[in-house]
Each structure stands twice: as C-alpha cells, then as structure tokens.
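Below is one structure, written out as structure tokens; comments come after it.
Should a chain be cited, it is by its letter among A, B, C and D, assigned in written order, with residues numbered from 1 in that chain.
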Amino acid sequence: MPEQPRPKTHIAYHTQEAIYVRDVDLVNDLIGKVSFTEMMFFQITGRRPAPSQVALLDAVLVTLMEHGFTPSVIAARMIYVSAPEALQSAVAAGLLGVGSTFVGSMENAVKLLDEILGAEEGEQARATAIAKRYRESRQPLPGFGHHLHKPDDPRSARLIALARQNGVLGNYLRALETLSKAIDEVYGRHITINATGAIAAVLGEIGFPQEVMRGVALVSRAAGLVGHILEESREPAARFIWEMAEHDVPYESGES
Amino acid sequence: MPEQPRPKTHIAYHTQEAIYVRDVDLVNDLIGKVSFTEMMFFQITGRRPAPSQVALLDAVLVTLMEHGFTPSVIAARMIYVSAPEALQSAVAAGLLGVGSTFVGSMENAVKLLDEILGAEEGEQARATAIAKRYRESRQPLPGFGHHLHKPDDPRSARLIALARQNGVLGNYLRALETLSKAIDEVYGRHITINATGAIAAVLGEIGFPQEVMRGVALVSRAAGLVGHILEESREPAARFIWEMAEHDVPYESGES
Amino acid sequence: MPEQPRPKTHIAYHTQEAIYVRDVDLVNDLIGKVSFTEMMFFQITGRRPAPSQVALLDAVLVTLMEHGFTPSVIAARMIYVSAPEALQSAVAAGLLGVGSTFVGSMENAVKLLDEILGAEEGEQARATAIAKRYRESRQPLPGFGHHLHKPDDPRSARLIALARQNGVLGNYLRALETLSKAIDEVYGRHITINATGAIAAVLGEIGFPQEVMRGVALVSRAAGLVGHILEESREPAARFIWEMAEHDVPYESGES
Amino acid sequence: MPEQPRPKTHIAYHTQEAIYVRDVDLVNDLIGKVSFTEMMFFQITGRRPAPSQVALLDAVLVTLMEHGFTPSVIAARMIYVSAPEALQSAVAAGLLGVGSTFVGSMENAVKLLDEILGAEEGEQARATAIAKRYRESRQPLPGFGHHLHKPDDPRSARLIALARQNGVLGNYLRALETLSKAIDEVYGRHITINATGAIAAVLGEIGFPQEVMRGVALVSRAAGLVGHILEESREPAARFIWEMAEHDVPYESGES
C-alpha cells in the first residue's frame, strides 16, 4: 500500500438501503424535491443554492444548449451514424469540442474580471491596461466579439438584465461593464460583450467555481446534442454533409 | 453536389440579432423563462412539457447524477490528472462509461414494457412469458436486480410514487408492476425493480423518446462528473487509486 | 479490502532501472530490435509473431489507415478546430466512429467464417444456409458489398493474394471463398468481398484475437487521423464544411 | 455557398476501382510493400521515409506502447467494463489521458531544443539561460526528471544511442545534450533526460512535424490499450480496482 495520506471524498456514499449526497438522503430529501439545476449546484459546490442562484444557473444553461449546426453538433452526428449503437460516443465526441476556441474563453474572461476586481490602482485603470495589453498583443479578447452577432450579442444583454433582476451582488457585472467601456475606448469602436463574457460574469456572481466553469457548457450541450442525435436518427443529415465534404474539398497533389 | 434529397433541421437557426430554437426566440422567450429541464425537454422533443413532465424529468435527472466512485467517475478522474487543461476530456471519458452494463439496460427495459403493453394475449400472459424467457436463457433481466440495493432499490419506489402523484397515464407503470409480479412468481423469489427499470417506466410515461433515453443519464452524469473533477482538483484521489492499482494488481508471467 | 480473488496482469511491470513487457526487457530487447507491428502483435497476444504474421498485420494496418474525408475524419477535424490545444481529443473523437456501421462488421464477418469452419453438415452447406438466412432477413451481409467499390473492392483481392503468398494455413480464406460463392449463387448476382471481409479472414489466419479485431482499425486510423489533423492545422477545411452544413441543411418548422 | 477560398486536401482520393494516398496507389503500391511505420510517416508527412527514419520512428513507437497500469490504462479498463460492446470507447477514453501531464511535455521539450538551436548568443549560453529560467520559476523541466526512473531513465540512453547508430544529423541530439549538461550544472545535481525528452529529440532528428508529435504517443498507446482491454476481457481487474477505490477513498462530511 502506498504510504501517502489517504484521500477522502465529500460527495457521496451509499448503504444497502440509502444513498447520501453531501450528507443529504438522495431518495427522501432530493428526488422529487429539488430541480436538476438545484441538484447540479449542490453536487458541484456542496452548498444549497439560493433561488437567485438557481434562476441564473438555469438562464446560463438555457443559453448554452443550442446554436444550430456547430462543429460540436457536426462531430456528434458523424459519430452517431458511424456507431448508432453507442449514443454515448456521439455525445462524448461532441463534448470534446467544448475547448478553447468557442467556450474556454469563459475561463479567461473570468480571470480578467478577477484581475479588475482585485486591482490596487483602481478598477478603471486596470480595465484600460487590460484593453491596451490585448490590443498591443493582437490577441483575441476573451468574452468580447462575435463573428456573427454584431453589433451586439443578444444573449449578453439578456443575461446581464436577468442578473440585475435577481439582485446579485454585482461585482462581476460591474467589472464586465468597466472592461467593456475600456475596450470600446481603447479600440476606438464598439466590440460586443459576447455570450461567453456575460456568462463568465453571471457565473462569477452566483459563486460557481471558476475551475469548472466550462462544466456548465458541457452539461447544457450534452442536452443539446441529444436533441440533434434524435433528429439525425429520424431525418439523417450526416451522410449529406459527408458527401458534400468529399465533393467540395477536392484532392490536389502536393503537400499542405 | 450529391443528388439525394436535401435534409433539413427542425431544431434551430440564427440571424445576426436572434437565435430561434424550434421557432421560439431563445433570448426573449426562453432564457430566464424556462428551467434547464423544461428547455431540455423542448430541445429534444419539440414540445413544451406539462408541469408533471418537468417534475418527473427533474426527478430522473436528480436520481442519476451521483452514485459515488463508479467506474465512470474513476475514468474521469484518471483523465483529469493526465490532462487537467482539458476538462471536457475528463467528462467525455466518464460519459463513455454510460453503456450497456449500467445504464443501457434502460432501453431494453422499456422495450419489454412496450412488448407487454401491445400484447394481444393480455398483459399478464406476456409478462409471464417474458419472465420465463429470461429465466431459461439465464440472461440478466433489464431493469431488475441490483448487486447492492437489496431487497429493494430505494430509488425505484420513490420514482414510482412520484409518477403516481404527478397523475400520469400509468400504462408504463402498470406494465412494470405486472412484469415485476410475474418475475417474482417465475423466479420464486423477489427481485427488485432497480433504478433503471423505474426510470424506463417514468420516461415512458412522460413521452420521452425511447431512442435517446440514455441521453438523460448522459446529461445528469455530466453534472455529477463535474463535481468529482472539482473535488479531484482540490483533494486528489486519482494518484492514490493509480498506485493502489499498480501495487495490488501484481504482474505474473504467462498469458491471461 | 474486497474479498474476491485478486486479479493479476500478464502485460508489464517496471523497476527503477527497467521495464519488462511480457517478461522481455523493453529497453535492451525490444526498442530498436522489433518494429511497431511486431511489438503490437506481441503486446496484444503475448506471442512473438512469425514473419508472415507481421507481413499480414502490416498489410491490414496499411489498408485501413486512410480513405479520404470519412465521417471519422470530419469529426476529428471539427474537434480539432474547437480544441486545438488538445490533439488527443480530436483523435479520440474520430476513433469513436470506428463502430458498427463501417468497421464493426469485421467482427460479425469472422463469426460467420467460424460458423462455416465448425459446421458438421459441411462447409458449403453451411455457407449456403448463411447466405439464405441473410437474404431472407434482408440484413446487410457482414464483410460483403460496398457502396462505392463495385463490382469488386480492390483491397480485398490484394489482401487475399498476400495471405496466400505468405503461406498461411488457409482455413479462414477458404471459408471466405466458400461463403462468397454461396452468396453470389443465392443472391443471383455478384456481391464483392469488401475490405472488412478480407481483413476478418486475414486476421483470423494470423491468430489475431477476435475479441479485439476492431483494435487493428483503431491503431491504424489513429495514424490516419493524425495526418488529417496536421493538414487541418495548415490548410483548414473544417470551417468550410461547417459553413456548408449550416447553409445547406436549412431550418424548417415542425418536428422531424 | 460561403465565399471563402475553397480548401483542398492533399492526402487521399478514391475512384470506383482504386484508392490513392498522396498520389500513390494504395492497393498496388502500398499494401504489402510498406510497413505500418513507413505508411504512418508517409501519411503524416507526405514524404517517403529513409530507412533510418523508419528505424527511429519504430523505436519511439515501441518505447511508448506500454508502461503498466497507468491512469490511461485504468480509464480504458473502467470504460470497457461499462460498455464492452463499444471497444472504441475504451480506447478513446484511454487516449484522452495523453495530455499535458505525462506526454505533452514532449512538445515543450522540442521547443526548448529549437530555442537552443536557433540561439544567436551560442547554444551553451542559451541552454544555461533556459536552465536558470526554469530553476527560478520552479516549473517542471519538460523532458527532464522522472519520479521512478532514477538516476537515469533507461529508455532515453537507448533511444539516443539508436539515433547515433542510425546516422542522423545530430542537431537535436546535440541540443539535448547541451541542455542536459547545463541543467546538471545549474541545479547542482543530475536530473535524468526522461523518455519524453529523448523522444522529442529523436522525432526532431527524423523531421517528424512538431505540431503533431503527441500523435506518435496516441498511435502507440492505442495498441497498448488494446492489449489491456483483451486482458480485461479475460482476467478482469477493473471491478477489483473499483471496489478498492470505493473502499479506500472513504466519505467524510464537509467540503473539499
């Protein structure tokens, strides 16, 4: 046996007659008494959520579920037609697309907000410094900009309004607004807060653990993908996309 | 371009200013107005759920989220310590364990219930025939039996009671009960309806599409896995399990 | 500690100075002394392969590596652009497409060959019975037929010829030929032995374990996918396919 | 149709009678004529490998295939027992563990070697600067150090010796040696070149594309995992590890 200190879990245990999740009796005190979203918050944080936290987590989950034929959806449908006997493979393949390009920016966005909130020199000064830093390095601004939704991502305004309605503390929202103004000024044009940026602030407000923020996208997209897989089983599109790809990405001699 | 009929999607589309899911404006009419569970039902089925359908889908999702250090959780934690930069990989790896052994039996269970409901010779006669068929073939009964929760899986009674409370039609519940009685008689001993069996009946009652029933487990487990990954990041257990496995599964010459 | 008998592994162990794979010193007796293909055969079977076994396993691996923009390749490219920081995710997503539709038929094909080889009533009689069984049930014949390569899959003839050259026993090849003749007769037209069918016979000839035959495709396709991911990083095609899919799979009201 | 320039592929195309990989006839000129390793190099780079390149790629592939009950192997076995019908899921789950912790350091190691090779101030000076940089930041040195194989990783010496025997140019090997000496001096003690460091140099020598270096590990580990899955199917260990984990990671109240 290895001699390191033995780890423990604080999540769940079970007996022959019962299952306990974070000390609460699953069967008698959770099933039928809490919604999925309350249970998710409880499972992940170990704390029972306030109604405003549930409302905002629901809003974020609803926001992220569906956005048409994304790369993630295309991957899931391709795997589904290849292995229809293993639905879980199609969902897993699609979730592997929840990476740095489309969703991971949430985590970098919340780090910027934390940087602003903790700034000794004042929040505005730090927001301006961040905007300049990104402008000079020509890197994409996490949480800002959208190739399609211009001038403004409609999801962001809605999520921010909901957070205000739900009476959260407002620090992350304020930091986001401060950053947004600084960006527009430094770049000399309006760049939208995108859904990822608004979600980072809203999840910050409800105390969702930053280390696993992209987990919210994974849960929500899993449901979205199940919808696409059901449609694929009834009205197949994957083979059509496959044939288009074969036809429209022609072969050419020579190295890429 | 291939000359087959062009497929369509009925799930979502977007413009510069808006996103529509199944003809409904996501930003104005869904975010902040429906819970995750309502949205999930709507996304997958295209129909707005009744309150009883939401309550029961919530109950099933809550039931499935967590059951301790399952193989799925162990896999997710192993992948997380190997690639902590890609949270999605850990969740995807864990979800790949939602296969035939532990959850897939849901789909076979609901098929048995359908077989009973459509039987010309009467439901009891068909239930008895099914029980005999499985007994003779010595195959495991989908939806029945649990290696730990004996004599009864506590989740099943709770889910069935909730379904009754929520006033569903009751066909699938009746078929499950009929099958349960037939099994106890044919096998000469009590075999519990397990969580999977109860879930199959409850999801049947709310009209959840059978082709993607295991999708409910995927969504719920995704949330459960995120909780384990957060814990792993704070109080690591994977390396301990790894060292135990290396130590306690010793090498021996010769083929397996 | 659980009281079941403790399992063992027969694959590998290591000390501070050395690693042993199936009792052989990895550093001194395998690295630089065996090819990947020899090592793979040894790792999986525990037996050192004969030259003919290596030649045929190489031939099968070479056959399976690449076939253009397959669903598996499209999935891998979609995941790569979504999470370029996690190359392993793209390969894993692509491999999840090695399922029943395109490759899994290998396993059913080899079962048919075993059925023929063990038949009491004679091999021809059983082959004819199999052909009739499939014709009546209108199920696809595992190992036979190809939507593109008609009248004959060029890979099959090549693999069979190589197996003959390499002087294998010939039982599986004979069973495949017997089955092929029976099929042409029963169906009244020529149906090609496809690559999967030929591979099943060749892997049967070299004693590759049937339980993990699709593992050969997984290894080979992994290499194929790495090639596509490198090309995607240099000459992107995934976004183009994504935009085509969005554009050419239009939204329509109503359920699917 | 989107108006961006249409991408092309340089990898493969097929007709009814033939498949071409990088302009070469797969059936007539590759199957039976090249080994898997030659084909892999050709598929990925578009160039036919010299014998020394094949020998070294083989050596690297053989080195990486197997190292006992790693986290990747444990994950694969857990998924296999959960979904034995989908072998590809178990392999994919295991491959998701080829991330930053154990294998990804290869990519950072080769970047350090490139930094040394291109240094204006001389290779030794840059190597010393790198060693100091890592020492000060207390970050792990990519390609150096091993928790088990001390004082030296036996695989590294073997791979470097093989590279010398195969008469490669030697730049990357020289840079690795220079870095190794600088590290020992700066840290005041010997730190082994680990397998990952040696592999980075060897793959650099044979011109393997740096963007997809971890792809070599993916291919090789895929074969290793297939071996473990076959063993798991015959002499199960996953349930034993599962029970140990449940038993030895006890539940405790309170947050982690």
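In this text, contacts are C-beta pairs under 8 Å (C-beta built on N, C-alpha and C of every residue); 3 or more make two chains touch, one makes a residue touch a chain.
Note that this is a predicted model, so its numbers are computed, not measured.
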| item | value |
| --- | --- |
| Of B-C and A-C, whichever chain pair has more C-beta contact pairs | A-C |
| Distance between chain centroids, defined by C-alpha means - subunit B, subunit C (Å) | 30 |
| Euclidean distance of C-alpha centroids - subunit A vs subunit C, Å | 36 |
| Numbers and ranges of subunit D residues touching at least 2 other chains | 6-13, 68-69, 83, 85-86, 88-89, 92-93, 96-99, 230-231, 235, 237, 240, 244, 248-249, 251, 256 |
| Chain contact topology (line, ring, star, complete or other) | complete |
| Parts of subunit A lying in touch with subunit D, wherever the complex brings them together | 6-13, 20, 23, 46, 83, 85-86, 88-89, 92, 248-256 |
| Touching residues on subunit C, where the partner in the complex is subunit D | 1-2, 4, 6-14, 16-19, 21, 26-28, 30-32, 34-37, 39-40, 43-44, 55, 57-59, 61-63, 65-69, 86-89, 91-93, 95-99, 148-150, 154-155, 158-159, 162, 209, 211-212, 214-215, 218-220, 222-224, 226-231, 233, 235-237, 239-240, 243-244, 247 |
| Partner subunit C, residues of subunit A touching it in the complex | 68-72, 74-75, 78-79, 81-86, 89-90, 92-93, 96-102, 104, 230-231, 234-235, 237-238, 240-242, 244-246, 248-249, 251, 256 |
